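Here the structure comes first, spelled out in structure tokens, and everything after it is commentary.
By written order: A, B, C and D. Residues from 1 in each chain.
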Amino acid sequence: MTTLTLGAAINAGLRQAMTDDDRVLVLGEDVGVLGGVFRVTDGLHAEFGPDRVVDTPLAESAIVGTAIGLALRGYRPVCEIQFDGFVYPAFDQIVSQLAKMRARSGGLLKLPVVIRIPVGGGIGAVEHHSESNEAYFAHTAGLRVVSCSNADDAFHMIQQAIHSDDPVIFYEPKRRYWEKGTVANEPSLGLHQAGVLRRGTDCVLAAHGPTVATALAAATAAEEDGYSVAVVDLRSISPLDLSTVRDLVRTTGRLVVVHEASTFFGLGAEVAAAVTEQCFFELKAPVLRVGAYNMPYPPAQVEDHFLPDVDRVLDAIDRSLDY
Amino acid sequence: MHMAPAETPAAAAWGRLLDRQVEDLAMVQFVTPDGALTPAGEEYGVDVDLAQRLHRDMVLARRLDTEALALQRQGELNLWLMSWGQEAAQVGSIRALRQTDMVFPSYREHAAALCRGIAPAELMAQWRGIRHAGWDPSVSRFHIYSLVLGTQTLHATGYAMGAAMERSDEVVAVYFGDGSSSQGDVNEALNWSAAGTLPVLFFCQNNQWAISTPTTTQMRTPLHRRATGFGLDAYHVDGNDVLAVHAVTDVAARRIRAGSGPGLIEAQTYRFGGHSSSDDPQRYRTQADFDLWMGRDPLVRLERLLRTLGVEDDWFKELQEESDAFAVDVRSACKALAGSDLCDLFGNVYAEAHPVLAGEREQHMAFLAALESQGEA
Amino acid sequence: MTTLTLGAAINAGLRQAMTDDDRVLVLGEDVGVLGGVFRVTDGLHAEFGPDRVVDTPLAESAIVGTAIGLALRGYRPVCEIQFDGFVYPAFDQIVSQLAKMRARSGGLLKLPVVIRIPVGGGIGAVEHHSESNEAYFAHTAGLRVVSCSNADDAFHMIQQAIHSDDPVIFYEPKRRYWEKGTVANEPSLGLHQAGVLRRGTDCVLAAHGPTVATALAAATAAEEDGYSVAVVDLRSISPLDLSTVRDLVRTTGRLVVVHEASTFFGLGAEVAAAVTEQCFFELKAPVLRVGAYNMPYPPAQVEDHFLPDVDRVLDAIDRSLDY
Amino acid sequence: MHMAPAETPAAAAWGRLLDRQVEDLAMVQFVTPDGALTPAGEEYGVDVDLAQRLHRDMVLARRLDTEALALQRQGELNLWLMSWGQEAAQVGSIRALRQTDMVFPSYREHAAALCRGIAPAELMAQWRGIRHAGWDPSVSRFHIYSLVLGTQTLHATGYAMGAAMERSDEVVAVYFGDGSSSQGDVNEALNWSAAGTLPVLFFCQNNQWAISTPTTTQMRTPLHRRATGFGLDAYHVDGNDVLAVHAVTDVAARRIRAGSGPGLIEAQTYRFGGHSSSDDPQRYRTQADFDLWMGRDPLVRLERLLRTLGVEDDWFKELQEESDAFAVDVRSACKALAGSDLCDLFGNVYAEAHPVLAGEREQHMAFLAALESQGEA
């Protein structure tokens, strides 16, 4: 049991995985000497050397494409994409190659590649540095997509992702990198299990990554108004741990999904559709979604109004309770 | 090559900046289309035994192609892309590598695949719609075909990063076409492998067409020149001359094994057939072009040389018989190819348990069962 | 009023648009002399010349990237992507540049670019040639996404897409290219309006592109079993014409969405979530989805079992009616 | 440059294939770091009036940079990326173009932007988080910044397709960095523009670093050599020598206007500051490196030359005063920058009506209204 920031917890998890298995490599832009622009790989280059912590040329498609080649040779590469908005040049390698290669080979090949992506807004960044693109990858068969929200999960989930024989998109909530938390020695959940952070009887909030803290704050605020609100940290976006959500919804009959990505074709839609199908008669209100509007992430000056905040979540809870 | 700029004092003074254009490499050729040795070929010498083996590889590869196209026309294959005309480029190059050298093909490398021991049935499975890839790359050290153009060049580069890290003397070979060289991925691979001094051998079959698009639309300079610009060792070879391809690949591979970094071979060739069995090349290229290249057939030229060098008629007859027997096998192997059930495919997507997919599989099985019981009712 | 195949109708629509406005250009791989691998641009090169019908180098990112440059200069480029599975190399240019450039410029720039994509399965093709990727683009703010299902729509919608000052992803159902239909002189609907093809009182089927014919066949089959099933052709995927769907659902209380893409994070999820939110009390059953399983498109031999067919749609109607 | 391969007869015979390596271009320099004219500079001659104007551009650009960094440190800007050290590369190149030539910048081209009449406030708006782009490209013919590296090279290429089609004699210029040259897009643009003989001028500021990654990690050969390989006219210039940059750009632009196809200028330079205001360059580069390049400061060198050529102290003093006044304007302009409301942004996404977004806007307004009435309650 130790206390770390979320960023340092990922660093520690990477170090542990590299120590445990020398087939684990880290590659990306500025991950070596600099330790990454968020310092998540700090010290790894000094400790494991330039063969295992590779400062690459500036080409995302090649980062993922060469990681595929490395994986085919038996390595377990962990790629860093510097910011969410820079993963798209690698989209073809991720979607057509990384995701599909196992199925294409008839199940012969395995591709244990992790792609780490600092994700989301809230740090006052310029354009392309605050995107939430989990829906693209969740809609892509062959990938696993996970999202950590706190130091403990960060430490364990990065290792679980590296241990997975399947490709994993690993989201890191960049505005939470500096938040501290205690880290247990052993993981309490599997990589693809949701975590129930708070029980409640009136309504359930489902969130992941950066909006988990928002959901918790909203639940606390709602309590002051006399409502008992449960919070579930989805943790895994693909596959979704629907049974955990469903069990909570069966008690409350109400569910609000909170995420930073656009609601249109986003995570909230999938959760809403699936939960509604499975809990049709238990639902007292439609599943509501709180997320981004259908516009590109706006300039930093207005991001506080754009990001789902406690007020918007409370408003959704109210609307749900009003049904 | 360039239009003259308006002549100003500045332009006059600094025009010389541009004088140092790269010269294009002369194309290496050992055997002329009519089967005679060139001076270079004389100098290098002919290993007749090797030449016979290469000839056999080419003859069988061509036979597979002919049979497969016929099978496509009969509806036994959904599609077929012939390597017809490119046998020398493929056979000459792959036979100059070690069996342990990993190869990343594109999708037209049937001749190369056969050399790696991949069975015709394994090759045809993909085009009959049975499987996406028919063979196990860990056995043949020949990766599955990549249909998204150029993507495999980066996989080869990554694979070679591993080889370099392990101080292995492997060469990692990757095949791609002239058209594919316009893709960002291919250029990233050229650059990345050069910057990292990686043991990659890029082998471009410049068959002059990307479906209907001629090489002149794709690029201004020949590809081997571009490769030199990136810092690769570049070679330009007559791709219809199997002996020259073999020799140049041998040189390139040796240099790469010795640690000099990546190389690129541009093999000048031509596809005799359409882009695929769905394509009608007469829509975009001339009969004269086709006839010209027919006169440069890689098999004809080697057969002429071999006969000149004293290989007897009997040997060619035996090869013909082998080829006929092979054709029978190809046809029956194709027709015997039956696939798996959709239900089996759910398990191929992920290496580890996946509840969503498991649920969908159950759903699908239930649906099938319901359908069946309805059918019975 | 004339009869054309769907492919020929797009060809005619392109010709009309190019005749009407000489800023309209066509660019893509093999679109010129060959007329495209599906012959959709047949004859345009001969008629309008190589400046306006451009056989490009083989590079999808560059096709879209240069189209953006052409649009900034005042042209209205229509890009062809040869097959659905080859759009991903252009993903970055589409998502970060084409979609966002107007918003990024504060509304100053306009990007009237159309990207035509032959989409979907059913023609016995090899891998990467049968994909349905509308969800990626629908989730991308700044794009418009439409999908035609018949010759009449194809002819008019391609022209409406070209007239739009916004970027439009234009899906063409490749297995329907050879199906004939009558083409009216004037469009009956706006580009983003859904079309009600069949009225019904028990259940609504919503489909687009290639699955519209499947939905119609299922509705006919259901009629034989005594059910009255409505069919709506969504036509526009982004924006969605929800009000048309909603009006139908209010009568029936039941909705099944049919598409070829994976259901997970797909169109069906969005329609289900949105319709459920708006028609919560009218729904007699949860919105059900018929689409692909969460796996890469399988080899051609089994595609008939993979694609949503009449039986699977009927099964979904049954399940809906059973609630 | 290459390790010797194991010497076999084949390798010996064919090793000469590789002898024709491209020579790197000598770097054009007119003014040495201590302000003396080189022989080339002597030959070309100095237009003192031009030199003074370029100097003024550089001084003001540097002042903007200094002020903006200070404003960032005071919390008035969220981020700032300095062009400090690269003023000569930017000013020399853009001033050699016509005002009507369209320019596609990357994100560090503040010196170039100022030359195009873009106001400091317009430049700072983006980094203050007010807008994504602060100026109207149709006025300045300077496109908005592209932060996704290399993407703008394709936009320039497309824009140039239009220019070529219209038989215009425009040059379309595009700026990018050494690191960005590893991106697929940039290489696609080099290839596409060469294949199409398009009027694009690629201008690479090789400042030797991409954040912490040195150019040696990005590439094996200098970029100008790669460009030659693609078939572009390539130039290599001292990027800290504004007169040389101006002259070389002038030559390149003339050739492009005359229809000779694209050109690439590689300007050797150095960024004095961190990658951005968030970056600490001491983590990855040495003081010695910094000091070396400080000795090659573009402003110092031109000032020395100008003084040698007889430009009086007064002129420099006046410039200093102008710069001080400019600094005051920059600071107040920055602080005056206030943005729009989120509500206004809904209208910027689509040019035409969009029901989903319109609905969301309404929803948002209703939410705000409710919030407000709650606040009142």
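Convention: a residue touches a chain if its C-beta (ideal position, glycine included) is under 8 Å from a C-beta of that chain, and two chains touch if they have at least 3 such contacts.
What you see is a predicted model; the values in this text were computed from it and never measured.
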item: Chain whose mean Cα position lies farthest from chain A; value: B
item: Whole-Å gap separating chain B and chain C, where each centre is the average of the chain's CA atoms; value: 35
item: Interchain centroid distance [CA atoms averaged], chain A/chain C, Å; value: 30
item: CA centroid of chain C to CA centroid of chain D, Å; value: 40
item: Contacts with 2+ other chains: residues of chain D; value: 131-132, 148, 182-185, 188, 191-192, 195, 217-219, 345, 348-349, 354, 356-357
item: Sites on chain A at which at least two other chains make contact; value: 56-57, 59, 61-62, 85, 88-89, 92, 96, 103-104, 127-128, 141-142, 238, 264, 293-296
item: Arrangement of touching chains [line / ring / star / complete / other]; value: complete
item: For the chain D and chain B complex, residues of the former touching the latter; value: 2-6, 8, 10-11, 13-15, 17-18, 20-23, 25, 28, 43-44, 182-185, 187-188, 191-192, 194-195, 197, 216-221, 225-231, 233-235, 247-248, 250-251, 254-255, 257-261
item: Touching residues (chain side chain C, partner chain D) in the complex; value: 51, 54, 56-57, 59, 61-62, 64-75, 77, 89, 92-93, 96-97, 101-110, 112, 141-142, 144, 164-166, 192, 238-242
item: Of all residues in chain B, those that touch chain A in their complex; value: 131-133, 136-138, 143-144, 146, 148, 151, 153-163, 165, 184-185, 188-189, 191-192, 195, 345, 347-352, 354-357
item: Contacting residues of chain C [partner chain B, same complex]; value: 29-30, 32-35, 37, 55-59, 61-62, 85-86, 88-89, 124-129, 264, 293-296, 298-303, 305-306, 311-312, 315
item: Interface residues, chain A side, partner chain C - complex; value: 61, 85, 88-89, 91-92, 95-96, 99-100, 103-104, 127-128, 135-136, 138-139, 141-142, 238, 261-262, 264-270, 272-274, 276-277, 280, 285-289, 293-296, 323
